[in-house]
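We call the chains A, B, C, D, E and F, going by the order they appear; numbering starts again at 1 in every chain.
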Amino acid sequence: MQQRIQQSGQAWRRWKNHLATGTAVLGTLVVVAPLLAIFAYLIYKGASSLNWAFFTKVPKPVGEIGGGMENAIVGSGVLLTVASLIGIPIGIAAGVYLAEFGRKRLLSNLVRFTADVLNGVPSIVMGIAVYSLIVVPQQHFSAFSGGVALGIMMIPTVTRTTEEMLLLVPHAVREAALGLGVPNWRSTVSITLRTASAGIITGCMLAFARVAGETAPLLFTAFGNDDKSLALNQPIAALPLQIFVYAVSPYNDWHRLAWAGSLVLIFLIVISVSLVRYVTSRGVLKGAS
Amino acid sequence: MGVGIEVKDLNAWYGSTHTLRDIHLNIPANHATALIGPSGCGKSTFVRCLNRMHETNPIARVTGTVKIGDLDIYNDVSPVVIRRRIGMVFQRPNPFPTMSIYDNVASGLRLNGFRNRQALDEIVERSLRRAALWDEVKDDLRRKSGASISGGQQQRLCIARALAVDPEVLLMDEPASALDPISTAKIEDLIFHLKSEYTIVIVTHNMQQAARVAEKTGFFLNGQLVEFDATTKIFTNPSDKRTEDYITGRFG
Amino acid sequence: MGVGIEVKDLNAWYGSTHTLRDIHLNIPANHATALIGPSGCGKSTFVRCLNRMHETNPIARVTGTVKIGDLDIYNDVSPVVIRRRIGMVFQRPNPFPTMSIYDNVASGLRLNGFRNRQALDEIVERSLRRAALWDEVKDDLRRKSGASISGGQQQRLCIARALAVDPEVLLMDEPASALDPISTAKIEDLIFHLKSEYTIVIVTHNMQQAARVAEKTGFFLNGQLVEFDATTKIFTNPSDKRTEDYITGRFG
Amino acid sequence: MTRIRFHQNLDDLKEKLLVMAGMAEQAIQRSIEAYRVRDLSICDLVQRSEPAINRQEREIDQMALDLLAMEQPMAIDLRFILAVIKINADIERVGDQAVNIAGRVRDLQAMPPVDIPVDIPKLASMAASMVRRALQSFIDADANLAESVIAMDDQVDQMNNAIYRTLSKLIHDEPSQTPQALNVLLIARNLERVGDHATNIAEDVIFWVRGADVRHHLRTGS
Amino acid sequence: MTRIRFHQNLDDLKEKLLVMAGMAEQAIQRSIEAYRVRDLSICDLVQRSEPAINRQEREIDQMALDLLAMEQPMAIDLRFILAVIKINADIERVGDQAVNIAGRVRDLQAMPPVDIPVDIPKLASMAASMVRRALQSFIDADANLAESVIAMDDQVDQMNNAIYRTLSKLIHDEPSQTPQALNVLLIARNLERVGDHATNIAEDVIFWVRGADVRHHLRTGS
Amino acid sequence: MSGKLAERDVVNDRESPDSPGLAAPRLSVVRQYLNAQSDSAGSDGFFKTLMLASALTIFAIVLFIFLELAWQSRMAIAHFGISFLYRSAWNPVSGDFGARPFIYGTLVSSLLALLIAVPLSVSTAVFITEMCPIPLRRSLSFLTELLAAIPSVVYGLWALVVLVPLLRTGINPFLMRTLGWTGFFEGPDYGVSMLAAGIILAIMILPIISSITREVMSTVPQSQREAALALGATRWEMIRISVLPNARLGIAGGVILGLGRALGETMAVTMVIGNRPEIARSLLAPGYTMASVLANEFTEATTNLYLSALIEIGLVLFLVTIVVNALARLLIWSVTRGASSRMA
């Protein structure tokens, strides 16, 4: 009746356990290493070019000393604002539809699928599409078109995170609201969305961070501008664009500026993300799922 | 004050499963009425039909009449209006986790656009007092989230939230089954006090609980109401063999 | 067959909260022993100390000796070995949802490198039979996932899974508190049958449950073992005033 | 919720009660036998059986208490246990009556034998039959049979009153036989009380089976 | 788990039982009063009180049943309810004894008055005091007091036996007074039974308070 | 918060007896207010429509992109037909275009990236959620997520000046020596290569996959872990039987997201892949991806056919994305059939 498990194999099990632990530690180190390497390199190369002028001056022509990236910093700000205004509301609304009303399986699956496809659409293709959608009819590059391109790129991430986060909200919370005689829309906006807000904000931040560093879609839309501009219907500079231009240039000065620009871009992204996170107070850049 | 509930010919379905069959029932006003029965017999479905929560399930269907007081809830009004008049408390405490205790209690009114600050303060305090929670939370009203208190307190918070919209009927679907005995006793005491002012319908798996709080008890089986009678009668001397078998554990 | 458990001077902490204080206790072999007490008194912590699950919590600490039979579990062996000899069943059924019913039961043995197909088949069948689940699942053994059966069945599946590694002791932390009365009665019957072959320790909030299944009952309060005696004694005539107050509901 | 063990326990309880009832009934029968044949050894037997009955009574009460504490009995089960507790007390007192009768027989034995013109064995068989029927109604959960027991009580009372009158007259007529007559009178009283206890048992059975409390309703007078 | 209402219900139950006990005690006292002053109107009073006591008994039993079914009482509470159920039965029977005594007094009244040289009132006051003490021990949950009640039972028994002997002798000596003597004898028996019931009550109190079943232990003989 | 007067104002007069003969009892302020509220059926409908419109916007955008690409590339489509997909030629001068090397490059670089990134990100996630001391946990997750905040140009730059030289001088010679016999690692070694692209893509998708994996792992209920531990599982066995199976759906989701990103990634890849439209077995050889060719040559496209062919490359990339997504979905669906899709 009684059968005891043989004791053999215990050593092997223990060994496997250690092996797995070792692998995980190693993997983590391998992941963290390039990050540290990139940061170290950026600081090493770029920090020396950072000064007040960098933030307050527009670029100088080649050869002249000084100049900064004020135009690009401001431009990125404008572009990202436009992008967020387009991408976040549409993204969240679509996510709400999928999670709360998406009972028609076929339609919601289709939307979900196209969102995934859109997520995978290369940024360059997005640039081309927006180019022919807005730039060609308007006949000039513009900040607005750049913002639209980035905004569209934000949508799928925001949508999918919103949906997932809403689905994580317990059904009981919805029932509680409905049971109080709260209209459906009110319950969705004030209860469900609010309950899931931490996760949704994370998703928005992820999307934001992603498009903040995008270059390709801006090539044919925002185009770049050597002067500071706030106009939506004019070409506008952007940090990644500027970095790209400097980076592929043959001048050492400009290379340094590119590194410094990268440093600034990363810090701006991290700071804005952290700020939002801090305000909504939950861990930084908490992953989307 | 509470109003009576008159249920006639109620039938309910989930998809093609016929979950409730021809329920006839008069629930007296200002009393507690308990519903018992084995798992899956339709108790939850029944109470959810009383405030039209049943239809929030896309595959659900219902026929028959339910009158709350003089109001035929399936014909006279919209579900939203009905649910404002009938409070509901669920099996697991479900406070809004992102809201403070105060906001939780105020939510039923706020979400319907009620803005009078002072009145809200009063209503919140009164509801929390009625739910026997005021003394425990009055110092953290706005600081603590609804999810940061203990399970038993959460459930009383949910009761307070339901009371804040001044309902006439309070539906409770196994309100204490997720709680420990001490919290359960508190909830039971609470129900006992509330029933002079509200019509209370409580679903429970715990027969002693039904016995302790309710004047009337209904026994459901396979979607049918087998027996509905005074609680003492049901628990000491039921008329129907099936009821007797169930409460004495001769079942299944 | 089961072995007795001897607990001496057991103290346990979560961070700096002293959760168990100086527990002395002898749990008899091949009997069921129930642990009761108000929420937060340390029952779960206590049973988790018996199979060294307590220490899986990073802030947890424990001192004292626990002997399972002749084995001093905190000094003689590794936790992995101890947990294999002591089965545990938790409050909420936790079958592995990605495994079939068969694989769930076999998982403990497979972990230990047990590969003999035929023997495995037999053990799975025997364990499921012992857990009174065989007849209900035998046709879907490999087709159904462990999560696709009802809650009561899941809990019995978890018991079968624990039995499959042939433990000497079975720890159960409120094994039926998430179940409806019929499933609960099945689990109780099961415990009643199992206790001739295993030493069973069961935590429960339901005093009648303790009364029904256990020969001995211990009452915990604020991390201390207030009284440990024959179950009938505890429930009809306890020696300690605090026990009396708790079981008669004069508490808190 | 198949509480199989609980219902087995209830059966055990019933079984135990029936065993005890059997002992009590036997004691009555023996005491009357002792009366009939004036045999002191039978009296001994009866008196020696009392501790056993008392022990049974305590065990049954304890078992009922345990079941109440441990099993949350409801409805018919609860009424059953309460009926058992009450029947238990009655049976114990039936046993007591048997002992009392045996004591009276012992006293009688110490006196010169006289012919007492009352039919104690008949009264006894009547009372015993009431007890037996009450128990049968308990075994069969037969409320109708229990009602018939209650109806019999009147007869026993009448018989007892008749005996009282007879004996009263006898004493008046034959003062020398007073001690014997008094003892017989007390035996009759004891038997009447046995009948009362049987009536109580029958009422408890009806209460258990029907859930209706028939005390002081059906009973025409105690 | 502050089951306040339940404990209020237990208090109500106790209250009700005490009211009933008061009625029963009063009935005994009145019946003895009737005996002393030979007053038929008092007999009437006693006999009219019986239905009320019976009603009380049924109500108390029902209440106890409801509490058992609805409140899962445990330990001391459970023992209390069981004690109440038993005490209830005993009190009701005390009431019955009072009615019986009243009946005997009625019979006596119909006969020529004679002087019976036994002190029934003393026995009665003894028995009544046992009942009162038993109830006091119940009110105070005082097991020691209850033990003293059980100790008193022997005295009552002795007194009763003395009365039996006296009356036996009286009948022998004065056959004409037989009916009266017999009635007094039965009254004494009734009072002895009242003592028995008080003893039972005391035992139930001890069981409730201490959780120990003292029946047939302390009691020296029934 | 007190005030008896206000109490009477606000609170209904439950206690006051109804005036006899009057049917309707006095209603409390709350009740009156609520009864006066509309039933909101209209606003609910409007809200739902709005949400639906947003959802459909996504669909419309994708459809628009597709149509736009198809329209712009109509010339190339007409000219080359289906053969565009498998022809290897890429000669702007002669006007001879085929997408094969680009498709190859895109798929191989992305697969390579997945091969590298998936194990790494899963083991990182496992380390962070299951093994790491609590104080370290937050900072480690923060660090891995910082990777997501680095723009792709920066990655490209860094890869160009740090990674590529490192590969050329350190790693590649080693790979050639040890694994050269497989044919995947043979010279000549330029540094810029498919391998470099794969690595940089892997670094870029790591944070996505690992943060999602970490997230789903942390939602695996503690009870599942305890179930395994209580059976006598070691930590690794616990991870293997409770954590990974329960998280696999989420992990797959993360992988799809990462794959999408890798397929479409432009700048960084362009900088390190070598940009040569050839198919070579060796991973050390340069390659070209669809996104890179678009980025590099879009502005230089001189002829209409050239431009049209480039845009058709975009179209193909778009279609590849769809196919890959569909395949991944099928895969997930077939793996999870039978099991419940959401863990409680």
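Everything below uses one rule, namely that contacts are C-beta pairs under 8 Å (C-beta built on N, C-alpha and C of every residue); 3 or more make two chains touch, one makes a residue touch a chain.
It should be emphasised that the depicted structure is a prediction, and the values quoted were computed from it without experimental measurement.
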Contact steps required, at the very least, to link chain E with chain F come to 2
Labels of chains that are neighbours to chain A and to chain C: B, F
Of every pair of chains, which is linked by the largest number of C-beta contacts? A-F
Same or different interface residues for chain B and chain C, judged by whether over half of the residue numbers are used by both? same
Cα centroid separation between chain C and chain E, in whole Å? 52
Could you put a whole-Å number on the gap between the CA centroids of chain D and chain F? 88
Whole-Å gap separating chain B and chain F, where each centre is the average of the chain's CA atoms: 45
By the touch definition above, chain A meets two or more other chains at residues 13, 181, 183-184, 186
Multi-partner residues of chain C (each touching 2 or more other chains): 38, 80-81, 84, 111-112, 165, 181-182, 185, 207-208, 235-236, 249, 251-252
Could you list the positions in chain D whose residues touch two or more of the other chains? 1-3, 6, 65, 69, 72, 74-75, 78-79
Within their complex, chain B touches chain E through residues 181-182, 184-186, 189, 192, 208, 211-212, 231-232, 235-236
As the complex stands, chain E meets chain C at residues 1-3, 6-7, 72-79, 211-212
Okay, in this complex, where on chain B does chain F touch? 1, 77-78, 80-81, 84-85, 109, 112-114, 118-119, 121-123, 125-126, 164-166, 197
Across the complex, what residues on chain B touch chain A? 51, 53, 56, 58, 80-85, 87-88, 90, 92, 94-99, 107-108, 111-112, 158, 161-162, 165
For the complex, which residues does chain D have touching chain C? 1-6, 65-66, 69-72
